[in-house]
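Each of the two complexes below includes subunit A, the first together with subunit B, the second together with subunit C.
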Partner chain A sequence: MEANEKKRLIKKHSPHTRVLKNAVMSFIFGSIICGSGQIIFRLLQSYIGDARASATLVTLIFIFIGSALTGFGVFDRIARHAGAGTLVPVTGFSNAVTSEAMDSESEGTVLGVGSKIFTVAGPVILFGVASGVVYGIIFFAARLIAQML
Partner chain B sequence: MQAIYEIILAALMGGALCTVAQLLIDLTSLTPARILVLYVSLGVLVYAVGLYDLLLPIFGMGISIPLIGFGAAIGRGVRETIISEGAIGILSGGLSAAAAGVTLALIMGLLSALIFKPRSKRM
Partner chain C sequence: MNRIIKLKRTVSFCSVAAVGGYEERRGPLGERFDFCDMTDTFGQDTFERAEGEMGKLALNTALTKANLSHNELSLLVAGDLQNQCVGTSLGLSGFGVPFLGVYGACSTCTEALLVLSAMMEAHADMRYGAAVTTSHNSAAERQFRTPIEYGGQRAPSAQWTSTAGGAFILGRDEREPRITELMVGRIVDGGTTDGSNMGGAMSFAAADTIISYFRESGASITDFDAIVTGDLGAVGSDILRELLSRELPGSERLHTDCGLMLYDMKNSDVHSGASGCGTSAATLAAHFIPEMREKKYRRILFLSTGALMSPQSLLQKQNIAGIAPLIRIECSQ
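Moving on to the complex of A and B:
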């Protein structure tokens, strides 16, 4: 192996270069998903009118896409390059739910799929709801105090 | 022109949120599953302090599609149910707001498990 080639390979596989490459790739994929989401949002909004309903629909569409791509085995191939670019949008959430469900089918549909489907969804829902309750208590108390004053 | 500007802003914000997550995965010991939990909780916080409603008109789907939007929906559900129905909103607001997304993800997961053969795990 030539010295130059060796140097290039070391650079290519060094942690520093890998971190940079991952960061760029996740940015590109995250941008594509959210940019195309914005286009879909505008199209839906011109039909439905209501912005919030349209935003919810966009989220549902991406959950559907993430899950379908996981089912067909395509998601992993994209995610290998995209990293957090497909993880952070709701596609990552639906991918986690679907892949855990599919992998646990052999353990039984009722108890296998039924429990493993929550491997990632469980923590996400639990801590999302828990944060919501903390916020709710603070918001309710603040409202109560404001009404008393 | 306005529409293109809007798409670019959404793409920039979405990309930035993903890059931060990627850096957290590569440079700290946070696993992808923990990132998801972090982003959902962060979403509730961002909504609670009023920042989400400020950023949403600017970045649109760039902040709504990442899991931050999921957390913000929980926060908004809690707040609006408390305003309309009182204290019960503390308990009922969050899951009601998240219901459509969670249910779709679960049903899709169940159907996929029944239809498709298992493939490699990601997390």
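Moving on to the complex of A and C:
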């Protein structure tokens, strides 16, 4: 059988991902997370006054919640419906690190957890830092040009 | 090319055993399993060891049912989904039975039965042999996909690796049903690199084996009560039925798939159905063999289907290949 015919058959019989439903669900869950983050931020800011420290604390709180829910085995059940809604905020990063740490725990602390903890989250760290460097160079060059003009 | 091996000696199913986990117990075949562990851990501290324990439990149960001691087994042919088949080899090490480890991805169940039957055909003094196959959802997810607790969404064509296993004791008794014919599968390109559409990739191998079998044997479709595939799931089954309706009209109506039988497809989050080599093993042990003994099926073709790939080959964009070995199981009258 031709390779193209196989591709056609697979495409014909494979159900489509429900894009609209997933988008709506991720919007709702993402909004809940980000909205509650904003509320916590406002509360903290009125309490400690420092905006930067408050923002950092909000991030830490969500990392903790994501990690704890992963540990209790609840996160993946929520994420099944929420999709990008829980993946894109820092909760997704927290889940990726915690779940890998839990999995590799049986292989030892150093060679198991230590070497595998960033298997899923690694690309985010690498390309996050790398794009930061590229952005920094562009920003620096743009400022230099602006000064010369 | 002469591919069908006809067995002249008696090779019959003396006893069978099926074990499973939580999701399997909830499925339509749940009550017919010999044992289900609702924690999926089988009393072990890692999922890899749990898979080995599952195989051990299945084999012990089958031995007890056949009223045999492990010393009476001449050969053990077994496999699982873990790297280097380590679940099986460590789990079954205590039996001290001569062992052949086999790997055919999700086709391992049929492959093990096929190898064992062929050995028993060649050696008349081999009285009893055992075939064991297991797969564990959590061990497989870790190895092939993402961490167990990782929160991601799966494609609708993706399947759920079953936490299940089956053990089969084959012997010379005049018991029903028997294995009468064997056919080794060919490696068939699956036409896709998509790791979440393995059912689709395997369907071409299943079609190749079924069509070749009918062409070579000259058997009629009406001779059979069912053509059973291993774990094609919803997508693969649809493709196979379309292929069969083109080449062997009528045969598509005989087709059933273990991947569609193991779980409650409506209320479980298994998408396209069950996969994993334990799927066909447990379904054969929990459903088909008992039903054949009750004369609900007289003659079936049983083909587990395997998707041949590794996490590395998928990332390197190599096509998934499929394989589908076949055995013919029948009652004498």
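Note that in this section the second predicted complex is superposed on the first by the 119 of 149 C-alpha atoms of A that agree within 3 Å, B and C clash if a C-alpha of one lies under 4 Å from a C-alpha of the other, contacts with A are read in each partner's own complex, and residues count from 1 in each chain.
In this text, a residue touches a chain if its C-beta (ideal position, glycine included) is under 8 Å from a C-beta of that chain, and two chains touch if they have at least 3 such contacts.
Since the model is a prediction, treat every value here as computed from it, not as a measurement.
*Asks:* Touching A:87, do we find subunit B (first), subunit C (second), both, or neither?
*Replies:* The answer is both, since A:87 touches subunit B and subunit C.
*Asks:* Could you tell me if A:9 is touching subunit B, subunit C, both of them or neither one (first, second, both, neither)?
*Replies:* A:9 contacts subunit C only, not subunit B.
*Asks:* Is A:17 contacted by the first partner subunit B, the second partner subunit C, both or neither?
*Replies:* After superposing on A, A:17 lies in contact with subunit C but is clear of subunit B.
*Asks:* Check the contacts made with subunit A and report whether subunit B or subunit C touches more of its residues.
*Replies:* B
*Asks:* Contacts for A:98 in the overlay, against subunit B (first) and subunit C (second): which applies, first, second, both or neither?
*Replies:* After superposition on chain A, A:98 lies in contact with both partners, subunit B and subunit C.
*Asks:* Answer with first, second, both or neither: which of subunit B and subunit C does A:33 touch in the superposed model?
*Replies:* First partner only.
*Asks:* Output check: A:79 vs subunit B and subunit C. Expected answer is one of first, second, both, neither. What do you get?
*Replies:* both
*Asks:* So which bits of subunit A does subunit B touch that subunit C touches too?
*Replies:* 18, 22, 70-71, 73, 75-76, 79, 83, 87, 92, 95-96, 98-100, 102-103, 106, 120
*Asks:* Which residues of subunit A touch subunit B in their complex?
*Replies:* Contact set of subunit A toward subunit B: 18-19, 22-23, 25-35, 37-42, 55-56, 58-60, 62-64, 67-68, 70-73, 75-76, 79, 83-85, 87-90, 92-106, 109, 113, 117, 119-121, 123-125, 127-129, 131-133, 135-140, 143.
*Asks:* Which residues, counting only subunit B, touch subunit A once they are in their complex?
*Replies:* 3, 6-8, 10-19, 21-23, 25-27, 32-33, 35-37, 39-41, 43-45, 47-48, 60-62, 64-67, 69-71, 73-75, 77-79, 82-83, 87, 89-91, 93-95, 98, 100-102, 104-106, 108-123
*Asks:* Where on subunit C does subunit A make contact in their complex?
*Replies:* 45-46, 48, 142, 146-153, 155-157, 189-192, 194, 197, 200-201, 203-204, 234-235, 238-239, 242-243, 269, 272
*Asks:* Contact residues on subunit A for subunit C in the complex?
*Replies:* My answer: residues 1, 3, 6-7, 9-10, 13-18, 22, 70-71, 73, 75-76, 78-80, 82-83, 86-87, 92, 95-96, 98-100, 102-103, 106, 120.
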